[in-house]
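Letters A, B and C mark the chains as written, and numbering starts fresh at 1 in each.
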Amino acid sequence: MSDTTTNSSVESALSPTTGEPVEVTGARDKLGVWMIIVSCTTGTIALLVSYAYLWSLNVNGAWAPTPGHANWAPVWPFWVIFTAMFIATLIMWNGYRGLSKGNVGGMKSAALLSSLLLLAAFIGQVVQIATFPFGPADGGYASAVLWLAIANAIWLFVAIFLATAIFNRTRAGRVAQENPNHARLVAMFMTYLCVASFLGCVFTTVMQESPNTNSPPFGTFSQ
Amino acid sequence: MHLVKEWLQRPYVRRILWITVAITAVIIALSFVMVAFMNQSGGPASSIMDEIEKTMFVLTIACAPLMAATLAVLTYSWWGGWGSVAATDAPTEDGPGIKTNGVAVVTWITICSLLAGFLVVWGLVELATITSSSYGSVPANQQPNSVKPVDVNVTAQQWLWSFEYPDSGKITSSVLVLPVNVPAYFNVTSLDVVHSFWVVEEGVKIDANPGAITNTGFTPTKLGTFNVRCAELCGLHHAYMETQVKVVTQEQFNSWIREQGGNKTS
Amino acid sequence: MSTAVAIHEEAHVPQPKQVGRPGGFLRRTNFLTALISGVVTAGVFWVVTDKITTAVAGAGATNSMALPSGLNINITMMYIGWVIGFMAGIGAFAGPIRWFLGHDLTHADAEYMAGKDMGREKFWKFTTDHKVVGIQYLVVTLILFGFGGLLAMLIRTELGATWTEVFNPNFYNSIIGTHGIVMVIAMIIVISGPIGNFIVPIMCGARDMAFPRLNALSIWLLVAAVPPLVSNLLMGGIRDGWTVYQPLADQAPIGMIGYQICIITFAFSTGIASVNLITTIVRMRAAGMTWSRTPILVYGILGSSIMGLVWFPMYQYSQILALSDRTLLTSFFVPASGGSVWLYENLFWLLGHPEVYVIVIPATAGMLEYLPVFVRKPLFSYRLAVAGIFGVVGLSAVVWVHHMYMTGWAPQSNYPFMLSTEMISIPFSFLVLVVLGTMWRGKPWKRLPMMAVYAVVWNKVIGGITGVFLSDTPVDQYMHGSMFVVAHFHYMLMGAGLFGAMGVTAYFFPKMIGRYLDEFWGSVGFWTAFAGFQVTFMSMFVAGLQGMPRRVLQFDSLFNISNWISTIGAYIIGIGMLIFLYAIIESWRNGIPAPDNPWGGKTLENFTTTPVPHENFPVLPVVTSGPYDFGTPDPYELADDAIMQQTEGAEKVSAQS
């Protein structure tokens, strides 16, 4: 009943648990991942909206980092981290495309390279958070940027797990030419992460100084 | 058309229509009861509250026929107008196989859409009306009124209200005193958490937000003492965060200002 | 194309290597190991965090209290430890770890995890069988309602005792908030949980849900989320309404962290459950079940799941950011440091509004599902019902500001949102027409589910008209923040939602449990609660009209009479609900055994045995017609046709002559 060899023909790989063709279970998995992406998108929007809203209101004049001991975050680290994620995603897609044509070794190295790039991005993100020129209590901008960065870090961690898993599974033969779906799903999710990260980069680059320069001081009625 | 006439001849249709008429009458009567409850503490005391009560009548009467028709069908079915099968028995035959009825669907959707449309238009017009007679989105210095309005700065904090009259030498008071028939405009803020400035019988409410200034206004039309309550949970003594609004004559208002140590600036 | 695989073929499917005994790590995990693991991990996280925060607090600090938010950080990490530990202890991490390592599940593993041949033990474990998960949801829901109901009795006792303060205001404020959130959570899951999990896959003609392991994950995440919430009352309480508006929530003691962790966890549970339900409904309906033959309950759960999936992260993030303000001292909602209360309110209500439809749509769809069976007529205008459901789902996204008319956030926005709020009544009216049309000229079979329909439509009409009042901004200027709002949403969420859920549960009870719900005691409980409900909340409308604010434990003597009446009504509700609970428990143990088709319905779950076998169907069904194929030819139409034929015949004769 148990069999260590996977199936022989390319067209008829079957799911071990339900016996259905992997195209069928793969279609379900794909819809599931799309739904997860939809839900995560709302979360990303929540953070971006928070950033933009606090930027536009400048409540009590406290959006900008407190002058004197805090500063805007430098912009280039955001883009470097994003670029690493972007390249990792391209590599993963490339690996998947190669796998569909039979290049298992290519998929393995793509997944490995992707994982390492994501790991570098994660480390970079953590370093960026630790070296922000402000603390969490330094106003609206500080709070919003901090959480965009924390969210990115958390999702990077998840992405490392996913990419390394694909590497492992390809080695174990669980991801193969006749059953490549999981690699595709991980690549899809990484694409979403790139989009979310990109938007975060745009917001933090373009929206720094608040347009609202005369918000009333807290608790008073004067302008 | 003769199909509709034929439909109206059916006994159950007639009975349901009569029940609808009866329930509509009850609902309309209830609208008077509702407004009576709203006036129990002395209102309406401003034109805004008048508009609100008028709207209650209009909304109820407009929706009454549809509500009544729904309840009438419900009642007729429940009372066994079309028969019924007891709980201890089991159904032995199927009912009429009506999958849909184009006329019913179109009629229903049309009526509901017209009703919704009417409610929207009424509501939008009403909102514009009460906004123009209160601060709303129109700044004080653009009011076309000939009477100079009374400006009040309302500060909410845990757990009391303070009112400041900036035009009268910045006197402060914990009771809101206003002259009758003079528009009053309010700038509202909070020193800590979200409160809500509710002048009950005058029909106005606006949240008091920390870090922001919101506005409302009304013209009191009735002399008397009315209620100001906090309408947003603000902590331990939220239930006790009440004060009064005293609407007095212009002379009484002026002398009150002088008593508080202020000067009437106009 | 049928992907049906009969059981005997699966032995020939190539299997991965069996790692350990079937089930692996899950052989050793259950609720008890989860509890122990959760508590231990919570303790470990507390200790470790304490050490770290003490160190961060700097030289001379003896404990983490030296850091301004030190205690908050400790409590937060403790609760996070509880959730992680609990999930580890139930075996939730085994799946991802095995996937990561490439040790995929074999068929034997899957059968073990589905609880095949396992007896009662499977209800205490990480079991993937959707029928087991459905029962687990039912039990958790009953517990949540019991707790929320107890809190309601306490609230009404306080409000009825107008001459004194029974509880101190902080405790009172905590119990109203806890009552609110417990009931909201219970109502979100009451139909999608038990019925969505147990019945919907069978009704779709599938063997299980799309992602069985995610199914188990969603119920156990819910279980993990409950203790943090409930424990808030022991930790100073949340001292805020269920909406936990900032910045008041920031002033609350550490009990608030329990609320926040609960919501963050519950959001994951709900999101996962939504993904599962949507994928199952979209991809696993039986051969021949086209979208025009899909039962309306399935549509309702689909619509509700879509709304929950899309909008829950807004609420989740509002709590994450609030927790961040509390622990990291960020200032998302601290106005003095650049935060905005309106940001919180918007994030909250962006979910808060679709949420009420997440609650009401499944209950309504459930009643539409079984109403044809009890009048033995087709569902009136099935397409209109589907349009109504998706009209509500679509419009629910653009009405949230009606909860914020009075915030002063953007007064000009009140106009378009009043428009959208009125517009949403139109698709809702479609659903009402479908109920009335189905009832029309039908002979109701007066069993409890049918009688529940009458109760629910009555409540919906009252909830509906009062909703029209509140949607009108000028009227809301009087009503917002008063007891009128409380009565309105109880009429919708409890009157239509909960009583509807009771009817739907009575309908599916025989299929799920194998026994009919006791008709007599179920009805006595239902109608007692219904009568009490009318008394309580009609009187509450009066209190609101008179000008009583909400969330107050002491008030003007003008409101005394309406509060006394409401309290008496509430005790009657309590008695009725206890009787209904008794009916459930007694029927579960000793009820009349149910046949394969308990009510004479035509949906797929009636074409398998009761109790439902492990694989749901020996052979997967193929659907050839819609589920509401009741009805004999309409005698009025036949008469019309006869008249038309006679007229045509007479015309032909006169034309010929």
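Quick notes on this structure:
Keep this in mind: a contact is a pair of C-beta atoms (placed from the backbone, for glycine too) under 8 Å apart; a residue touches a chain by one contact, two chains touch by 3 or more.
As the structure is a computational prediction, the values presented were derived from the model and not from experiment.
Simply put, of A-B and A-C, more C-beta pairs touch at A-C. Taking the mean of each chain's C-alpha atoms, the chain whose centre lies closest to the overall C-alpha mean is C.
Distance between chain A and chain C, defined via averaged C-alpha coordinates, is recorded as 30 Å. In this assembly, the C-alpha centroid of chain A lies 47 Å from the C-alpha centroid of chain B. Annotation for chain A: residues touching 2 or more other chains are 59-60, 218. Annotation for chain B: residues 210-212 touch two or more other chains. Touching two or more other chains at once are residues 335-336, 339-340, 342 of chain C.
By the touch criterion given at the top, residues 3, 5, 9-11, 13-18, 96, 99-102, 104-110, 207-208, 210-211, 214, 271, 274-276, 278-279, 282-284, 309-314, 316-318, 320-321, 324-325, 328-332, 335-340, 342-343, 346-347 of chain C touch chain A in their complex.
Every residue of chain A that touches chain B in the complex is listed here, in rising order: 59-60, 215-216, 218-221.
The touching residues of chain B, when paired with chain A in their complex, are 153, 155, 164, 166, 187, 189-191, 210-213.
Across the interface of their complex, chain B is touched by residues 169-170, 173, 239-241, 245-248, 251, 335-336, 339-342, 375-378, 380-384, 406-408, 411-412, 414-415, 418-419, 422-423, 425-426, 429-430, 432-433, 436-437, 439-448, 454, 457-458, 461, 464-465, 468-469, 471-475, 477-478, 480-482, 519, 541-542, 545-547, 549-556, 558, 600, 630-636, 640 of chain C. On the side of chain B, the complex with chain C involves touching residues 3, 6, 10, 12, 34, 37-38, 40-41, 48-49, 51-52, 55-56, 59-60, 63, 67, 70-71, 73-74, 77-78, 82-87, 89-91, 93-101, 104-105, 108-109, 112-113, 116, 119-120, 122-124, 126-127, 130-131, 136-137, 188, 192-194, 196, 198, 200-201, 203-207, 209-212, 214-215, 227, 229-240.
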